[in-house]
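By written order: A, B, C and D. Residues from 1 in each chain.
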């Protein structure tokens, strides 16, 4: 049961990578420095790589930063330790990478997904927060790895090294997917659209933490909600509120009416649904009829169908409200994810594999504790639709504070257990 | 100054007519008995008549009763003293009449408008209310002459007799217009559309009372607001509110959103505006998503332009609110009137004429006290647009209670003073 | 397994009762004729009875008819076949009855609930509808037994006769509860408040049909939603919308704002919730600021806690909306029911008992199919809270049309199977 | 008619002052440098001064900057040319000054008001804008004298010098009021509350420009609307919109409902009214129930009574909307002004005086052109209420762009004409 399969020296390396990534946190589609280092490392390990347009459909990315931000960040990456050989590949926010290990032996195609992006959060700068105490807190204001993707990327690299070192023991094909912009569920869709899992038989995504402590493992997380993120702009006409009120077209009234309508979208009898207008900013001055109103909306559904229902109703509400007040409305989908239930067969297999790992004192087959939404569901649904198997597993890790909190930190020791269980799955499944 | 020009015996006749009309109150487009008696009388006086399609555009009538109500009321009129020779002309709610006096002498074309309809009000049945005490209270439930149109019609007949008796003293052409459905401002538009004032040089409408006491006269009433009356139906889809809320399309939510939007239409800097949703009825049961909502709306504007602005905004609000909730909306214009300022020259002329009448102890040129809206403004604007002159005058009459009150009654003596001032105006203006 | 225990002659009697009750349908708190007949029959069987104030708290009844309606209906009952000896007991809408069988042998106290009221529905009067074809359609306009309570009452009487005939085979105490006003969930609370199940160890309620076909039985129905029914009146101040808009206090605007707010009450993360404003009537005339608005609301929750959350929020919305527009609001709770899960032990016992009945070809332990609510949950929660057991079972019956449909009719043959299973439960449980 | 009364050398001095003030623009209650220079100059001219608490009620100031801003600006003033002898008087935003000239001769008490504050506008920095071309553009970002108060203050100083030089020709008492924070109508109330016009018989306020060209004069401006400026904060409770929507208290929904309610406040039949929610900012993140919403509101009325009606309704709407959604609301009055009609007698006097000035080619008695508000109306109403006379006059001045525009600039030559007409009024009225 407890045979050691992996090189524990990896841990030192992974901690080093993780701390470097944490210090240079980059948010969605800006993971240019990160991607350049990942590409350099994978290449040196001997992996052939596909990148950027080869693995992403540019127009299926959601919630892109502006060209100005992309350009400025590129310069920052150039000046801050990016691998300059690889950096140019990732210039326009096309920061996805797929490394492929062809074993040459017959066997299935496996794929593992690792996400690389940080959050738009200002990291805590106070004693007691380990990254601060150890000097690897984020150097980028309002950017922080507060969801362990720095860990995921490091695990991906450690796993890549382990696979390559043990290539002779494996069969089939193994794909390592390094994905941008999981936060806001913005990046996966573009990689699936580019076909990166078209030929995949077994797909596994993993996450550290999420409430599961170090030493525990969950083989199938079934609780993800489908979601859509919308950015909405109402555009009306300003006029002097005292002098010519009839000449205005009031974007704030349209937004107010829309907000009441959106929150009033009927419940769906088939399961849970959610809608929230989380942010509204409107108007330019007290005595001016507001000409613009910008809102950030999120819908969720227990199933993709329920989320689609809410989304469809939301568009009707937004357009109707604009028409009521004679203003224009534009709505951008800046993030989206599906619901997806892991494949029963794969969950059981992975559960049994984890039981053989010396790193886990407790293993669980299914969890339905949801922490929200995940765009790994795009790969999962795509693979399942083509007859493959897919799951989303959790590698436990003690946390200093909850995900997305400014004091978030995970137990670095859990990275090695992740590499172990992933490697065991590759060993077992590739030859099944 | 105080020469008597008219036959005072008319007063007895007019009181008799008025009491018969009051007792047989008929509301808008149902003035079938009334019109048949008016036509019979005018014909016997020797007037050639135009009626129904000759003087009304059927599709320009607004707020029509249903075919069932029209048919039932026709039978009632047949059985309740209508002039059976003339009654068939007015069968389908085409209850307008124009009598024309051609003097054969050169002169302008004058037109006088008299309205004939009652209100949908239940008359007071208690002592102290003269129509009740004298036994001429309305025999029709929920129909009452509470705005003196019974008086106006009687004045019209008395005036017709006076003109015919004095035909030799007059010049030009004189048209007497008996109009249906002034209440709700529903009938005038159809008569103007049929061309009844296309050739008119001078137009005069009159009203009894309106707060002006017996013995006073106002030559030009300038305070009428433009108005539009809308009947709106939202049609959605019913569903069980507990079982399948997502299958409903909620007409009541659309109506609620519309009501807030309608009341929020911005003020107009050019003058006063109004909007009211006076009645809403929606839904069929507590646990059913409401599939229908019906509302009665009224807009007003100090000018026709302001009213048009409110009306245009209201249509946008209604359609947008329907779109928000995925329901259909249909909107009927069931009444409409313009604003209109009397012609200065005609007001001065009429003011001076009234000063020569022995019936008035006080005469006023202009009043801007508004009592609301009037569809006589359609004739006024049409005549003015063709270079003619128009006014709306008030013949004072002491009232028992305000207009549209269930105890309304006017001073019958004021009818003779009305005939006098109208005859004086015909005498003077036709030969000017 | 298939020993016959009951007298099948009962069937003829029950059909006769059921058709008489169907023909004389009486809605909630008006079951005066029904209650008088039930009381007469039970008394003749030898049951001591408690009635009216003895078994109902008057002020805990919800959604009462007006005094005028109660008085008029009493006269109708007097003239239409009520048992005049017992009728006076039920005069003021206190139409509940409890019959108690004391066996004199030690044993638990069992209670069975039967509801007696009809619905406010106009029965179909067309061929093919058996009550019409057979001449027992409702003689009361807009009143119809469209939910089988006529059957339930007849079953209760048949069961009472069976128990009394077999008194010697039973132990403990058996209570038969005949309840008014289950429709709208208005009556049970008042009987529970009067203590009728304070001493009960085992409580069983039953329903015919609900989608389960003749020959099937469900021992535990777990799907009832908690619910609250609210009648709301907003009272403002009327004023002329053109002349003095600032003097009005607009009840319809308050209602509209409330409707959007009520539909916008956030979902509860613990389970399903519902809210519906099913009916709104407001205003008196197109040009009058609406002074009144009346609405009918229904809330539901997967649990009583969720329904309480929605209800609490709803009150805040209603009061806030009234305050916004300077109007008054009054809210009456006109119906209420809890959620309740049957006792596992009792469901299993009853399931096993049903398997021994020759009337059922299929028996089911648990069902969670439901979109509705039931006030039997008041008894269930009360009994369970005191350590007793409770369930709600379904006796299958083929239906001509769904419950609450104007063509509803059930299979009369199912009544005998109901008596059989209830009698078997009494036999078994009273001696357990 | 064209006798020259004033020293034209003043013009050079006033231009110099004006440009210095323009360059060092200070907004409401931050006029510390300005006030110190004004106080120094007036003191050197020989005026006894009252300042700060002597002429302002601290708690009647509206829309105060924060303590941090006050403290920071004080330091800026210290370092940027303030008169350090007088500066400490104005530390806490108590920037009002009253200079009094006691002639020692019997006569009325006259008061003249000059406002000193700049606007929160970023001045145009481009050629063609004279302050930029001449190098006296504002050194303070987002602060600009775009409403000529730099001119008003300079006129006040020039007028003070003229009065003192001609003291022997005058009678009675003359008060010069230098007021902070006229923009946003925030400062006057506190000076009136401190009693600065309690003893005043004749009050005159003046403004440059407002559409009146150089060389023209308006003696009585009657068009000011009453107004109230409200800053509103709704405070709810944040919660995760997906995980625990029921735990949130949604400040944005309260704000949305309030916005529809505010815009729906009924028109007033007595005259024009306005309401605008010009700015709304709410919420912290897409997936968080918004816990705060901040809005800027402005009401207006043709009369103070109408504005009070709108204001009263607005408070009810705000409080009701907060109650609907279980959130708290706090509302600050950050500005307020009355309507006020100049005294007919004083307008006629001033009109006649202006006709004697060689600086004006055209003089007008009354103007009702205005879309705006002015807090000089506080002094006016107070003086009139005590039997005094008051007016608000306009000294024409050609403008480069409209008031409150970033390219605003006035014709500096108009300052001398203002001093002239004010001095003539003092001469004439003080001895009347």
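We adopt the following convention: a contact is a pair of C-beta atoms (placed from the backbone, for glycine too) under 8 Å apart; a residue touches a chain by one contact, two chains touch by 3 or more.
These numbers come from a predicted model, not from an experiment.
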Could you compare the number of C-beta pairs in contact for C-D with that for A-D and name the larger? A-D
Most distant chain from chain D, judged by the mean position of its C-alpha atoms: C
So what's the Cα centroid distance for chain C and chain D, whole Å? 69
When centres are defined as mean Cα positions, the distance from chain A to chain D in whole Å is 54
Can you tell me which residues of chain D touch two or more of the remaining chains? 243, 245, 250, 253, 257, 260-261, 263-264, 266-267, 269, 274, 289
Partner chain C, residues of chain B touching it in the complex: 225, 227, 229, 240-245, 250, 252-253, 255-257, 259-260, 263, 274, 276-290, 293, 296-298, 300, 372-373
Parts of chain B lying in touch with chain A, wherever the complex brings them together: 243-246, 248, 250, 253, 257-258, 260-261, 264, 266-270, 289, 309, 313, 316-317, 319-326
For the chain C and chain A complex, residues of the former touching the latter: 260-261, 263-264, 266-267, 269, 272-274, 371
